[in-house]
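Two complexes, one shared chain (subunit A), two partners (subunit B, subunit C).
Right, the complex of A and B next:
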């Protein structure tokens, strides 16, 4: 086990100690320990930066070698980028949570256990090379996210949000597992790197398309792509540090990671490009359009996250087109991949800081509703500054880093117009249009977020607390993130060579293998390009829309509530519940008669089906013994007694008719020369008739009406069916005898080997004595059971 | 109301012994003629049921101080013990052995371990039947 493995599972191991630290060292806020661990891990992963310029580092620990499932940790540009995000933002969030969560009021032990579980799981997802290990960690992120969303479990909305996110992400996770298994079937390996190396061979496989779609289900549910984005706004019931960490910077990017990681496997196919880019761009427009109508700060941020994730997703989709052009110089689509990675980092910085700002506002004023907030600029100047940096970066304004990646995004979308593969020409115009519309709305909600909260009239009477600037500790993390926004904005090239290029190369290794390398230079001023005009248009139209917002806000009311995705989700849950309830109630009615009908009907159905299917019916009269007078007479008696049982008015008559059948059967045994059976049958029949009479005598006096059994057509049909099918089978079996009976052996050996002349008894006690042993055990159990039932009357004792 | 059932009781005294004898005969004849532990056991309990009908549960319990539940257990022990016993001779479970032996008094006798097994069957059958009948009879 290498240090790398230890680093990955270190948060999980450390989580075991959290409860002790929380209970024993309760003078120190538990978050400080978590902060220490995250910083150590961050520094540890930073040290990998020089190594990954020329490829990855791989370490393996055997887990289940016989199944090809091993914990292989693989660090390359992409994995390292995510690992740095996870540990870096993790440190800042831990620091923020120390001031956000009160030591006295909150159950910090659970909080940090869940948080560390999540951090370890997330590191495992991004650094695993084995698909099954990746899936294991993937589900662990779902579970820890479920626990964190439901952290305030006494709130109904928290439980609702936790359940919703669980259902949706686990649904996607299971679909993804299916995709992984299909990949294994095609390639015979669980290792991502091996699969990539033989990806060309599986391109035409019939399982390829199903695998692609299933894997995308996993990625889209986790990364909140349309229409699976509905869990993310409800996950905002989690504590704000959790929202900042999981639902903006890390977990929701796991789907992005998956798409980027498996791009070399699937990107060759046009469907991948269409689905990833198409859903991404639509999610961008849909998310930003819906963000404008929200009134809760965190809800705006949630929809904003959805939209930004769509942006990154669409860039990754367009980046897949790079594989179809075998030159790297001037490869426009490789730039899309580059932009995706760049925006991923930028989004983590500004969205993290904005969530923290929302948390501070909530913490200091007691509300997150923008209709009640306003005029906080003078009261919280530092928070305002951070919010300004974050929102302007989100809107894509210079000189912040969002501007750069948004420009690259728009450039990529414009380049789609020149794409000439997979019938892209027909619909390619949609991409720049949707991108532009989405960006306009992004601008509108960014401005809303900033100005409705911090400018305007100050309404202290609507606030629950007397607001003032947040404590320094709470401000440190957002200040660091805000500073990064500016630093990355002004000096983007410190990122480009160190981390973005290795990550982009990891996403498109096929091009790198061809001996080419990709490098780019991010510059603010890149000439008068179409994207610059688009940005100017965005600012102008966005500003106009923001100012006239009250005038056109009503269009959101026009959208039918019935068609809203949340409504559909809720309705489908309710329908599924009531549907399964009514289905269960319809067939589990508690009546034995019904269940017997099910059993007999399925028996008749299965048997007759297989007889017809196998053409098994046969009827021969060969080898039948001649029928004598006695057999006919006894048969008539049995038939008469059976009919008597059915039509008798009195139960007593039925019991006696049953006894008559039993004695006639004994006579049949006489005829068929079975003396042992005759003896036993006579005695047993006597005893059972006596027991029937006993039961008859003890029938309750009320409701004891002497009446004939009612006639029910279904019963008659089912009974007739069973009788006919059993008779048919008996005839067929008799006519289909394939082998001689083994009875000859017993006849020859009874006296010689077993020392007895009564063959029946010798078989019972000697040849097959084992059966007899358990039959007498059954008899003993029956006796003890009757004894127990009669003597032990707990319920009656309670009554008296 | 007590009825005078002197005739029934006197006949029972004689008949029950005849039935018992017949039951023992059926039991021992089982290996070579129709019969065996099962029917023998049922007939034996038939004899005891006759006693129960003629007298009452208490007097039968006094004259036959047997706990029939224990009888079931003993019978099962016999059956299982016969099976386990074959391990002593390094043969599979429930392997029987037989042979002719010359005993003091009885002279040349044919002995068979299957009889031990049949005794188990016999005891279980008698014990179970009588447990059932006794409990139901006392149940009121």
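Right, the complex of A and C next:
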């Protein structure tokens, strides 16, 4: 257990103490303890920065070595980048939540337990080298996200959002587990690094494509890619610190992480590039287009997150193309990977701050509806400044960091035009076009977010509270994030050499292994490049669209509601429920007879199928005993008596006929030389008949007039089927006898070893005495049960 | 002989199943009684019905009938008796409490 492992599970361990801290030290807001832990972890992970410049650090703790499942922690550029995001944003969010959540009104104990659970799970996801461990932590993030979304569980929308996110992400998670198992089948290892090192060998494997698709299911559901993005807007019912942390900066990037981490395994295949880049770019356009029509601040931000995740995803997809050009100098597509990592960081900074701004606005005015907000600029100047920085960065305007990554994104999309693999030439024009359209809408909603909230007319009568500037503590975190937006915008190179390059190298290790190194492209943002003209176009068209927004807003009404994804999701849930209910009701009708028919029919079906399948039917008359007159007479009596029972109108006739059969069976035992059986059968049949007569006295007449012909016919068919199959099996068994009986041993040893002459009795009490013991137990239990049934009258006792 | 017995056993099974599918509790229990008779006879028949002396060593015979199925049947008879007795009392109690012996009217409520 190294310090690294301890750091990963530290949040989980610390979560165990949170309830005590919450209950005992209730003068101090519980968030301060969480803040302390996240800062310590952040500093701890910062210390890895120099180490990861030359490869990663690996530590292993055995978990289930016999299955190849070990808790291997592996820190490289990519893992460290995420770990820093998780702990860094985690610290800021904890600080923010201290001021956001009231100590008196909220159940802080649960909140911070869930939050720490999430933090630990997320660290586990990004720092695990073992696929199964990764999956374990992955599901833990789904689970803690579920708890956090449903934090205000008395609200119906919260429960709905929590359930939706759970269903979708767990569906993806399970698909991903399937993909991991297929990877294991192909490579024989759960270790990501080992799989990468032998990835060339599995390229043509028939399981390769299924594994690729299943893994992408996991990544797309978690990272809210089209059409699985629908859970993210509903997850906005969570408290705002949660939305800021999970649903913008960290958890939704777990899918991005997975794609980046497994790129070296799958990226050789064209399908990977197509799916990742295609779904990413479409999600970008779709998300930004839909964000414009939202009226809730957090809903806009949610769709914006969806769209930005699509942007990063498409960049990772294009970055996969780098592998097909085995050189690094002038390798255009490596820049896409670089841009993806850069935008990942930028998005975490500006989106985190924007969520916090939305939370502040909500907290101070009581609403997040942009139709009721306006003119808050004078009242909340600091919040306005932060929002300005965040939205301008999101829209991709200089001098903020979003500008740089957006430029790099547009450059990468333009470079797609020169891609000449996987039939890219036909469709490549779509990428820059969709990217440009998506960016225009991004510009529009960013401006909406800023200006509709903070400028325009101030409408105090529509607000629930009297707004004023937020407390300082609440502003600290967004100010830090806003400052980072500017710092990364002005000095991008402090990031590029320290963290982005190692991360990009981790995504494309094959190129680095070839002895080449990847140098930063970030410095060439000066110059008149096509992407600069695109940006200018975005600003002009975006501004025009924003000004004329009321005129064209109606096109959103044109989209049919029935085809909306949420409608489809809701309908499929309802259909699944009502469908399974009607299926269950159709065969589980509560009637014992129906179930008996199922049982007998399937018995007949399975037996006759296997007899035919195995060609098992046989019929020989060799070695059989000769027919005797007595036996035939007795057989005719039994047959007659049983038919009498079937057609009998009165109960007494049936019971007497049953008795007749019992005594005839005893006579059979006489003929077949079984004296003990005769005795037992006679006595027991007598008692049984007596019992039947006793019950008969208390039971009503058999009323058979109600039974319809169809009822009788079905029963007769099933009964005949069972009778025939039993006879056929008896024939076949008789004719297929393979070995002699072991009876000779008993015949020889009964007197010699057991000291008895009656072989049956010696078998019962000596050779096979255990059977007898439990048969006695059966009788005892039956006697006790009968006694209990007669004596115990609980329901009546309650009545009196 | 075994062929004849097999057909007879098949008939017993068919009657038993037919009775077990009816609505009256008493007929269902009679059906289980028939089923156990069929099963016992089947056990005996499957061991072979070749003539030998009763399995008592005092007979000093050359050949005995197989004692093992007889021991098995003896156990089975006793167990099926216990179960039948239990069922009968159960039917009696069910009729007392519910006022019906028609199993279609005894459906569980959801």
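The rule is short, and it goes like this: the second predicted complex is superposed on the first by the 783 of 800 C-alpha atoms of A that agree within 3 Å, B and C clash if a C-alpha of one lies under 4 Å from a C-alpha of the other, contacts with A are read in each partner's own complex, and residues count from 1 in each chain.
Simple rule for what comes next: a contact is a pair of C-beta atoms (placed from the backbone, for glycine too) under 8 Å apart; a residue touches a chain by one contact, two chains touch by 3 or more.
Note that the coordinates shown come from a computational prediction; the quantities given were computed from them, not determined experimentally.
*Asks:* For A:675, select first, second, both or neither according to whether it touches subunit B, subunit C, the two together, or no partner.
*Replies:* Touch partners of A:675: subunit B and subunit C.
*Asks:* Just checking: does A:773 make contact with subunit B only, subunit C only, both, or neither of them? Give me first, second, both or neither.
*Replies:* In the superposed model, A:773 contacts subunit B only, not subunit C.
*Asks:* Pick one for A:661: touches subunit B only (first), subunit C only (second), both, or neither.
*Replies:* second
*Asks:* Would you check which partner chain A:200 touches, where first means subunit B only, second means subunit C only, and both and neither mean what they say?
*Replies:* neither
*Asks:* In the superposed model, does subunit B or subunit C contact more residues of subunit A?
*Replies:* C
*Asks:* Have a look at where A:755 lands relative to subunit B and subunit C in the superposition and call it first, second, both or neither.
*Replies:* In the superposition, A:755 touches subunit B alone.
*Asks:* Please work out whether A:784 is in contact with subunit B alone, subunit C alone, both, or neither, and reply first, second, both or neither.
*Replies:* So A:784 only meets subunit B here.
*Asks:* Per the contact definition in the header, classify A:369: touching subunit B only (first), subunit C only (second), both, or neither.
*Replies:* After superposition on chain A, A:369 lies in contact with neither partner.
*Asks:* Identify the residues of subunit A that lie in both the subunit B contact region and the subunit C contact region.
*Replies:* Common to the two interfaces on subunit A: residues 675-676, 680, 684, 687, 691, 694, 756-758, 760, 764, 772, 779, 782-783, 786, 790.
*Asks:* Quick one: which bits of subunit C touch subunit A in the complex? Just the residue numbers, please.
*Replies:* For subunit C paired with subunit A, touching residues are 1-27, 29-30, 33-34, 37-38, 40-42, 44-58, 64-68, 70-71, 73-75, 77-79, 81-86, 88-93, 95-97, 101-104, 106-108.
*Asks:* Can you check the complex and tell me which residues of subunit A touch subunit B?
*Replies:* 675-676, 678-680, 683-684, 687, 691, 694, 754-758, 760-762, 764-766, 769-770, 772-773, 776-777, 779-780, 782-784, 786-787, 790-791
*Asks:* Of all residues in subunit B, which touch subunit A in the complex?
*Replies:* My answer: residues 26, 30-39, 42-43, 46, 68-69, 72-73, 75-76, 79-80, 83, 93-94, 96, 98, 110, 112, 114, 117-118, 120-121, 124-125, 127-129, 131-132, 135-136, 139.
*Asks:* Quick one: which bits of subunit A touch subunit C in the complex? Just the residue numbers, please.
*Replies:* 589-593, 596-597, 600, 621, 624-628, 631-632, 635, 638-639, 642-643, 645-646, 651, 654-655, 658, 661-662, 665, 668-669, 672-677, 680-681, 684, 687-688, 691-692, 694-696, 698-700, 702-704, 706-707, 714-716, 718-720, 722-724, 726-727, 730-731, 733-734, 741-743, 746-747, 750-751, 756-760, 763-764, 768, 771-772, 775, 778-779, 781-783, 785-786, 789-790, 795
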